[in-house]
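The structures come next, written out as structure tokens.
Here chain A shows up in two complexes: once beside chain B, once beside chain C.
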Partner chain A sequence: MNRRLIDISVTGFSWASGIVLLAAVFSIIGFLFVKGYGALDASLIFGDTNPVDALLLRKPVFDGLFPAMVGTFLLVVLSVVLAVPVGLATGIYMAEYADGAVRHFLGFFFDILAGIPSIIVGLFGFSVTVFLHHQFSGRIYPCLLISALSLAFLVLPYLIRTTQVAIEEIPLEVRLTAPALGATQLQNVCYVLIPRALSGILTGVILSIGRCAEDTAVIMLTGVVATTGVPRSLLSSYEALPFYIYTVSSQYVDHRELMTGYGAAIVLLLICASLFASAYLIKYLLTRQFQVRF
Partner chain B sequence: MEPYPKIHIENLSFFYGSRPVLRDISVQIMAHGITALVGPSGQGKSTFLMTLNRLWENMSGARMTGTVSIRFGNQFIDIYAGAIPLHQLRRKVGMVFQAPNPLPMSIFKNVAFPLKLLGRNKPDRVEHLVTAALKRTFLWEEVKDRLSDDARALSGGQQQRLCIARTLILEPEVLLLDEPTSSLDDRAGEVIEDLLLKLRERCTLVMVSHYMDQVKRVADTVMEIADGRLIEKR
Partner chain C sequence: MNRENVARRLFLSAAILSASVTVLILGFMVVLALPLFKQGLFFEILSQPWLPDSSIFGIFPMIVGTASIALLSLVFGFPLSLGVSALASTFAPTRIGFLLKKTVQMMTGIPTVIYGFVGVFLLVPIVREMFGGGSGMCILAASAMLSVLIAPTMILFFSESFENVPKQHIDAVDALGGTPVQKFLYVILPGSWRGILTGVVLALGRAVGDTLIALMIAGNAVALPSSVLDSVRTLTSHIALIIAADFDSLEFKTIFACGILLYLLTTISVLVIRVLSSKTRGMP
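Right, the complex of A and B next:
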């Protein structure tokens, strides 16, 4: 009787937790759409500028979200491009090459890194910028590249750990298949382990995309500004949607401005959704390709 | 042909951490025969197999003492003395695992996989060798019309024969089999047994088995590993 009661309680609690989480997600999305729906139009993104001129970068957009959307997109893509090769290589090293003591030490170090608050990472990025400015070139200021490097640093531990775990979870007999056929360790990694772990590895990449898109603390200290237009180079300052939402929500002067903040939040969600969709598509295509290609 | 020793093992001991698994084993295994290793579970039979192709080195926390020499051509080579590169050794000493482990690719590509590892990509040659390997494992007739299908869609017995074909494509001189029929039904097990009896002509087989009936049917030599020690029974 007791066991049955425990079974029912655990099952009920699991269901309730799932439903509460789903309800929270839909409440947030619903709240944003109800509040920001009215602000969603072309002028929210392009302001008074002709959309075609804005998209072709012929005219700057002063009172729309377009520069912040471009800035956010570039920031996320650049951060992920910088972080993924290093994260994957380190994760593979941890799973396949590092021996017990080194693996233990590095694992501890990466766990500490994962626990560092993002504002500290932002401060570190800012300090590096000041150092570079004084030591190497007076033209180096907080910019898109510094922000992307700082964000890449922030998401590296997630990428490393998801890659490591995805490879280590492969059953021993599968891990030994290629070595038993005379494969070198590199061949085993490339032909068997990475294709088998690809789904888990790409899940880490997708989580990193989300983390890069939402973080505000890091970029506040490393290059984002309220108004600067579309970034012209990696060393330019830039606008970003999380920072725009933060600024509007803390300093809005009228209802219309607050509405643009809700609108910006919806646009940020849509950008994240499209990046996730792209990542899932890549995951599907790569998984399929690895299964079919020889 | 006069029977001659293929594998010579002297004072082999094996440890996982500080726990001894194999203790001071010295034995000879004859060429072109089937040597069956029997004994209770967890006594080191699979570990013994992995000392013959150094596969245990891919696992952490293990160490070994003693010598293992295998006759390649006319001379015995100590496989731990660096006289034969590891990858070459594992191509000459193939291994088939307990559970079939086809890779997530087509039937054809699974069997051709070892050739890819070797860098042999000439399509005609690859096709010829894949066909020959599938025929040797009595699988050709069953799969010849669906070579591009996913290998994981085959039945358990077919998958195991595919794995044997994948190993045989490298023409190993020694074939290690770790309970090759334990995950198969009786009919599939019988097909594998027939295959092993045929393979004996071409290579030396060392097989772990829990089925005494099977051992009686196919083995030329039976050895028992118990408490880390090896006892030759027949």
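Right, the complex of A and C next:
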């Protein structure tokens, strides 16, 4: 009897946890959509400006999300361009070139980098800006480039880890075939390992894009501002979606601004969800392709 | 041959560059906090209250704030995550378990700022209604929202370590006629305690390191809290809030003390996880 009671309470608790978690997630997402779906139209993005004029940068957008979306887009592209080459090369080094002790030693640094709170990475970016401002040029202020660089540091350990794991997961007989046939290490990397690990590497890159798009703590210390319009250069300040959502929640002035905040949250959520879905799709398609071939 | 060497050098220098970022981040903070060390103020700052009128800039209330929010979020999140991962990997039918795990994976993609935003407009009013008075921005609201943020980290880690329990052990329970609950309580759970501990340390790291949720819904008061309905400021929010202050002021330098503290906590948690996982590999 006692055992039956334990059985029932443990399974009951387990199902209840599942229901509570799902209820929490769906009420968070549902709340956003129920309250914010009214804000979803063309004027959410372009305000009162003609979309064609806005896209060609002929007229500035004042009441819409367009400048914030352009800012987030530029930020993501820049940080990924900065981080991917270094991350991939380091991942390849860790998986293929480093011996046990070196891998263990370097891995420790990457684990710490991966675990550092993002606000610390932002603080680092800010300190570097202050350093450059005092040492080199008084014209250097927190800006798009500094933010992108800081975000690149933030996603770097993530790219390293996914690349390393993707290569290490390749079966040993595949990893050793080309060298056994006389291929050099570099040939093995370029013609066997990278193509074979591509789905893992791409998944890592796409999820890094998601992290760059959603991160708020880093950019709020390194140059994002509430209103400035589309950034004019790499050294100017900029707007970004997540920061816009943050500012609306703390200091909205009227209903219209609040609704734009809801709209921005939905747009950001949709961007992140579609990145997530495409990462999953790529993994699925490429894995299947290799299963057929081998 | 030459090209081989160039490639090797290139990969090696990328690795050194990446590792040096980790060192540089600490280096910059220590250099900028150097005046604090020189004047012997560093440990004073860690243990004093924040009283700008008397020129006392201690971050002790922020340490307490971070600890209380992070620990309470673990109190909410740990049983929840344990239950969900048991459901996903053992109790639920395979298809439901699969769907549940996919949902949890998808949760990792939800931007933190959205949790904060929904917290401000949904959770905080609820807390205000339920407990009456105050703004509703408090430890309770922040840690409830934070527990949803850190749950996926734990759930995915727990389920993975549940699935790594040797198949023979699980088959043995089935052969002896054990119920799923007995299988879970007496074989799976004891067999995966290292994984569970690792997941908890990782989740705690996320809870301590998160900025946006605490900044948006914990209220950011600098006094020491006396109940879970009090508003607090975390170390991370403190950095975000003080960044606009004058660069040469003592007030500003305290954020580097916060930074060094958070960095040390990260390092300790990485060390703990490394020890835990190296023991697992050594096991038969």
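Heads up, the rule we're going with is that the second predicted complex is superposed on the first by the 237 of 294 C-alpha atoms of A that agree within 3 Å, B and C clash if a C-alpha of one lies under 4 Å from a C-alpha of the other, contacts with A are read in each partner's own complex, and residues count from 1 in each chain.
Following the convention adopted for this analysis, a contact is a pair of C-beta atoms (placed from the backbone, for glycine too) under 8 Å apart; a residue touches a chain by one contact, two chains touch by 3 or more.
From a predicted model like this one, the values you see are computed outputs, not experimental measurements.
K.L.:
Considering only the touch criterion stated at the top, classify A:T184 as touching first (chain B), second (chain C), both, or neither.
P.N.:
After superposing on A, A:T184 lies in contact with both chain B and chain C.
K.L.:
Of the two partner chains, chain B (first) and chain C (second), which one does A:S249 touch, if any: first, second, both, or neither?
P.N.:
Second partner only.
K.L.:
In the superposed model, does chain B or chain C contact more residues of chain A?
P.N.:
C
K.L.:
Using the superposition on chain A described above, determine whether A:C143 touches chain B (first), chain C (second), both, or neither.
P.N.:
Neither partner.
K.L.:
Of the partners chain B and chain C, which touch A:V205 in the superposed model: first, second, both, neither?
P.N.:
neither
K.L.:
Looking at A:A166 after the superposition, I want to know if it touches chain B, chain C, both of them or none. Which is it: first, second, both, neither?
P.N.:
neither
K.L.:
Which of the two partners, first being chain B and second being chain C, lies in contact with A:S127: first, second, both, or neither?
P.N.:
second
K.L.:
By the touch definition at the top of the document, which applies to A:V267: first (chain B), second (chain C), both, or neither?
P.N.:
neither
K.L.:
After the superposition on A, what does A:F31 contact: first (chain B), second (chain C), both or neither?
P.N.:
Touch status of A:F31: second partner only.
K.L.:
If I apply the document's touch criterion, which positions on chain A are contacted by chain B in one structure and by chain C in the other?
P.N.:
184
K.L.:
Can you name the residues of chain B that touch chain A in the complex?
P.N.:
53, 55, 58-61, 87-91, 94-95, 97-99, 101, 103-106, 109, 112-114, 116-118, 150, 166-167, 170
K.L.:
Per the contact definition, I'd like the list of chain A residues that touch chain B in the complex.
P.N.:
Contact set of chain A toward chain B: 99-100, 172-184, 187, 191-192, 195-196, 290-292, 294.
K.L.:
Tell me, which parts of chain A touch chain C in their complex?
P.N.:
Those residues of chain A that touch chain C are 3, 6-7, 10-11, 13-18, 20-22, 24-25, 27-29, 31-32, 35, 85-87, 89-90, 92-94, 96-98, 106, 108-113, 115-124, 126-128, 130-131, 153, 156-157, 160, 184-186, 189, 207, 210, 213-217, 220-221, 242, 245-246, 248-250, 261, 265, 268-269, 272-273, 275-276.
K.L.:
Please give the residue numbers of chain C that touch chain A in the complex, ascending.
P.N.:
Against chain A, the touching part of chain C is residues 3-4, 7-8, 10-12, 14-15, 17-19, 21-25, 28-29, 32, 79-84, 86-88, 91-92, 100, 103-104, 106-107, 109-118, 120-122, 148, 151, 155, 179-182, 184-185, 205, 208-212, 216, 236, 239-240, 243, 247, 255-256, 259, 262-263, 266-267, 269-270, 273-274.
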